[in-house]
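Once you scroll down, you'll see the structures, which are given as structure tokens.
In what comes next, chain A is part of two complexes: it sits with chain B in the first one and with chain C in the second one.
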Partner chain A sequence: MTLRPFRMVLLLATSLIPLALVAIFVFLAHYSWPAIRFNGLGFLGGHTWSLGNLYANPVERHGQQVPIGANYGILVFIVGTLSTSAIALAIAIPVSLGVAIFLAEGLNARLRPVLSFIVELLAAVPSVVYGLWGYSVLTPLIARDIGPALRGSLGRIIPFFGGSIGSGYGLLAASLVLALMVVPIIAATVRDGLARVPAETKEAAYALGATHFEVVRRAMLPMVRSNIIGACILGLGRALGETMAVLMVSGGALNYFPNNIYSPVTTMASFIVSQLDSALQDPTGMAVRSLAEIALILFIIAVITNMLARFLTGSSRHVSSL
Partner chain B sequence: MQKFCLTQGLRTTMAAALIATAGTFGAGSVAVAKTINIMETGSTLLYPLFNLWVPVYHHIRSNVRINTQGTGSGTGIAEAISGVAQIGASDAYMSDMQVKQNPDILNIPLAISAQTINYNVPGLNNIHLKLNGPVLAGIYDGQIRDWNNPAIARLNPGVRLPAHTITPIHRTDGSGDTFIFSQYLSFSTPTWNDRVGYGTTISWPAVQGGLGAIGNPGMVQATSQTPYSIAYIGVSFTREVERAHLGTAMIENRAGQFLLPTPRTVEPAAQQLVAKTPRDERISLVFAPGKQSYPIINYEYAMVNARQADGATATALRDFLNWTVSLEGGNAPRFLKRVRFIALPPRISALSREQIAKIH
Partner chain C sequence: MSGINWILAGFAFVIVAVPLLDILYTVLAKGFSALSFKLFTEVTNGISGGLLNAITGTLVLVAGALLIAVPVGVLAGIHLSEFGRGRFGRLVRFLDDVLTGVPSIVLGYFSYVTLVIGMGWQFSMLAGSITLAIMVVPYIARFTEIAFSQVPNNLREAGYALGLREFTVITRIALPLALPGILTGALLAMAISLGETAPLIYTAGWSNFLWSGRLIHEPIGYLTYVIWSFINQPYRSAHALAFAAAFLVILLVLLTNVAATSLLRRTHPIRPGR
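And then the complex of A and B:
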């Protein structure tokens, strides 16, 4: 009985988080409602984004005031978001697993906390710093060295790595920057998991005659499977929503799909921030509401990936606890 | 004794603080003037000029504190309307619809700016390639894909053009530079006008490999990093363009002349439209008639709400804006030369003053 006020406070604090989530969703849905009605399903399937003629008088279409020629289709940006995140994870997962195993197993006990701290520090670097690095160092490097090397090797087998390299801004630059941002997140999380694997388990594996590699591969990694999946989803979440760093290196493609890994792309998050300034000039307000609709879609994609992660980790917990 | 020293020290500090807040340093006046804060935000093209103006103006009126921000023309207009900023800087004027919705917002020209068309074609950056509206429209809508296209060769007889794909670079952020560049394409090329049109951001036709860059600095970097690319860049970045060894194109005007933007070609272009400038001063200067008129120039605007919150702010705004458009003040060559802007012609600065007088 005496705990009741405490419980009330806890309940209030706990319910704030789901309430905020619901509030964001409701706000986005409400704010973008005119755009949702105007755009329909063509919003997801269309690949032309045009604010229309903002200097002519608006016309009425589908019962809404919109600028002449306004057309909002975001498939290009959805493709940009998903492709940069997928390539980033494809690079980041093996690297960060290597980093995590090295930090947990391959390093002597005195250096371990120092290097682990540095990896965690990397996760705390603001994304714009990675963006600036990508902008001034990585893109010229891709244009001059990485691009030609990739084209000369992988490009001979896989057409997606061949073709024109262009300026260095594009899918590859954005994916590499994202990968760099995601590696410390995954590595730090997985390392924590590996460090918590009971010594008995490892000793038991050694006692059976396993080599160090086999201990890691057969005894330790299966135990942290849910950690790995959770960490990857955490990394994916960061990659999907990353704005500034991607904006600085992605090359801002509009109205066309990437035809190779060097092509310029645009992601949903970076498109919102780069277009807000212009959208504010639309006197009908439809442009800003359509940007809000992009935010809503991005929000839904993020929720789906998180639920997927829950599902995956939930089903694997049974395996690892056996 | 010690206590006395302390109190005296304190008293001196307080007096100094009082004088400082009153802001009457050298004037020797005892009148206490209130500090007035003015917020300026918007166009990144005007931003360097405001940063030249503000410290100098602070010496003239030390009680007026002006904060500057380069956020983009769209933000400038939006924040002038919302009242967050007292001055919204913009390279583009407001549309009729925006004016109808916000009748109190004045569009006040402060100076005249121009734009260069720059390219990075190895071997040709030291000469001035000749380009016109239809060719640029073709490059930006994907009809003209290579530098040795007959349409470009026809304008540049005797120049060995490389057989390389052109990378057109555009602004990703909303920009007055996009506004005047797309106006040049629209006014000179009917098909562009029908299919794309103009605005601070436009739906760039799909050109495989076409690149977007952020801000004028981003345009310079992307162009210098991308061989065989072409871009449009605000004239206040000419120094950066020269440092990056980019080529500057001669652009065809309405009379069929190919020109570079210099005071000798920007001033005549502005003169052509002085008489036509309406009282609200919303007019495009792009593609002006006249043999010596450089085709891509524009007024740089301050968006100001005619109804200010209080009289003191209104007075401070009027004084500052009147100072910026006067030839002895902000339109003096020592400011404008550094950003390569051109002063307002006398009739235009008179019109701007008329609008400034409406601020109350």
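And then the complex of A and C:
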């Protein structure tokens, strides 16, 4: 056995990738451990986030030094994260399927790359720019036009769409921006799946007398079903972890649940950013550790959703769909 | 019946394309009218002044990230392509995918805990660049792997037949052919780093001053911070700076993306026997 330094260097660099994932988990878990012990399961079920009295001497509770009255519950942010992501996906999935079918089958070959490029461009726009657009264009539009129109139509039937519209910042704005950010992920994956359906399958469906759209719906879409599910989970992962765009349009709710689709909300990811300054004022450091606990939960959610998505879409990845 | 379905599919495309065009139009129009010579010559002063500190800061952070991520990513990609058929290779490829899916704010908080607090670096250029590097290494590794696996095997075999060593075959024969693909990956990694915000808020901090060259113990400014933070200020000058910063960011990101895509389109895998 000869020592091969070149291979050793390659192996070392490769090991950094799994090592990074392990390090993220270990260090976040280690740092948030006092918070995990202090908060217990009430962390997930509590709906009050309070830093407590930062000017009085800290007291000892559950074996940890914490400010008097400190309480860390993130149920409001869990609800905010799940509701924005769910509404975003409810909008994005049908739209993405339409876009994918349109791009893969509805165009002649010459137009296809040009219009595909537009969808790829959507994936390249930085999330803070989505936030800027949401802040300066979308939220005024919701307050002035979209909100009143929704309330006047759907709001008459479903109470969740009625009530006060407010300033435009909130659940609806965050969901719409998220939907826009998730569409290119789902659409590109499904489009690539449709493009790989063998010509024989399509021809067989045509031979049975199917129209073009029947071929797409009855023969092609069922073949890429697992791609579609995987792509949706991938999009869900993206939506759950999105930070800046949501932060800039969600209005920021602390300690109350959304009561209609226009209510301000806060997601777990955006809460981490918005709270750092306040949390740093806590002399015991428990607030910063509780934020680390949120980051740890987000990490675990991301790992699970991505594993599910990769198992379903298989290991095939496409350079063009990045 | 079928016609309605096609119209619906086309409509889906339109409701995606219209917001995108409006994003580009809004940022480019409002950003362009906020452009001035001062932006490139003066540093930020409270909520007015120029963007020199942010522009140079972004370039420094991105350059630092690529300096770390490109060697690591390229070496990992070579390993995956040339020796990655076993179980370890499959595992790394899978975890590589998982790492791209970790939210950037989680990476930022990880670096905050380990580098900013743990190592005592405080908000600094190095902490920011390392965080961005962790984010983009998986992309570079994957692009390198694809580029190397497209190099036909008979070229490698020809090298070995001439008595070349493994190192020479990989660096002198495969690497030149894989270079365009690697470059595409690096450009995409650059585009991603240019537009990131969340992981930098916790690691790079923000500074009104020009970067003095210190790797640690000194916060550094960047363009995306201006977009996020200044748009929330109730002043016209702050909004103008935010849109000017967004204009520069989107211009840089789009140019880098177009360069990466055109590079990808122009390089065809070499046919064996040519």
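As a convention for this text, the second predicted complex is superposed on the first by the 288 of 322 C-alpha atoms of A that agree within 3 Å, B and C clash if a C-alpha of one lies under 4 Å from a C-alpha of the other, contacts with A are read in each partner's own complex, and residues count from 1 in each chain.
As a working rule, a residue touches a chain if its C-beta (ideal position, glycine included) is under 8 Å from a C-beta of that chain, and two chains touch if they have at least 3 such contacts.
Values in this document were obtained by computation on a predicted structure and should not be read as measured data.
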Touching partner for A:A13 - first (chain B), second (chain C), both, neither: second
Touch test for A:R156: chain B only (first), chain C only (second), both, or neither? neither
Identify the partner contact of A:A279: answer first if only chain B is touched, second if only chain C is, both if each is, neither if none is. first
Touch test for A:A302: chain B only (first), chain C only (second), both, or neither? second
Contacts of A:H62 with chain B and chain C, given as first, second, both or neither: neither
Using the touch definition from the top, say if A:R37 reaches chain B (first), chain C (second), both or neither. neither
Partner chain(s) touched by A:R196 [first = chain B, second = chain C, both, neither]: neither
With both structures placed on chain A, which of the two partners, chain B or chain C, ends up touching more residues of chain A? C
According to the stated criteria, A:G241 is in contact with first (chain B), second (chain C), both, or neither; which is it? second
May I ask you to decide whether A:H212 touches chain B, chain C, both, or neither, giving the answer as first, second, both or neither? second
So chain A touches chain B in one structure and chain C in the other; where do those two contact lists coincide? 135, 247-248, 276
Chain B residues within the chain A interface of the complex: 71-75, 77-78, 92, 95-98, 100-101, 165, 167, 170, 172-174, 197-214, 221-222, 225-226, 229
Sites on chain A touched by chain C in the complex: 4, 6-7, 9-14, 16-18, 20-21, 23-24, 27-28, 31, 94-99, 101-103, 106, 115, 117-122, 124-133, 135-137, 180, 183, 187, 211-214, 217, 234, 237-238, 240-244, 247-248, 269, 272-273, 276, 291-292, 295, 298-299, 302-303, 305-307, 309-310, 315, 317, 319-320, 322
Under the definition above, what is the set of chain C residues touching chain A in their complex? 2, 5-6, 8-13, 15-17, 19-20, 22-23, 26-27, 30, 71-73, 75-76, 78-80, 82-84, 88, 90-107, 109-110, 113-114, 118, 134, 137-139, 141-143, 146, 166-167, 170, 184, 188, 191, 194-198, 201-202, 224, 227-228, 231, 242-243, 246, 249-250, 253-254, 257, 261, 264
Chain B contact footprint on chain A (complex, rising order): 48-51, 53-58, 69, 71, 135, 139-140, 143, 164, 166-169, 247-248, 251-256, 259, 263-264, 266, 274-281, 283-284
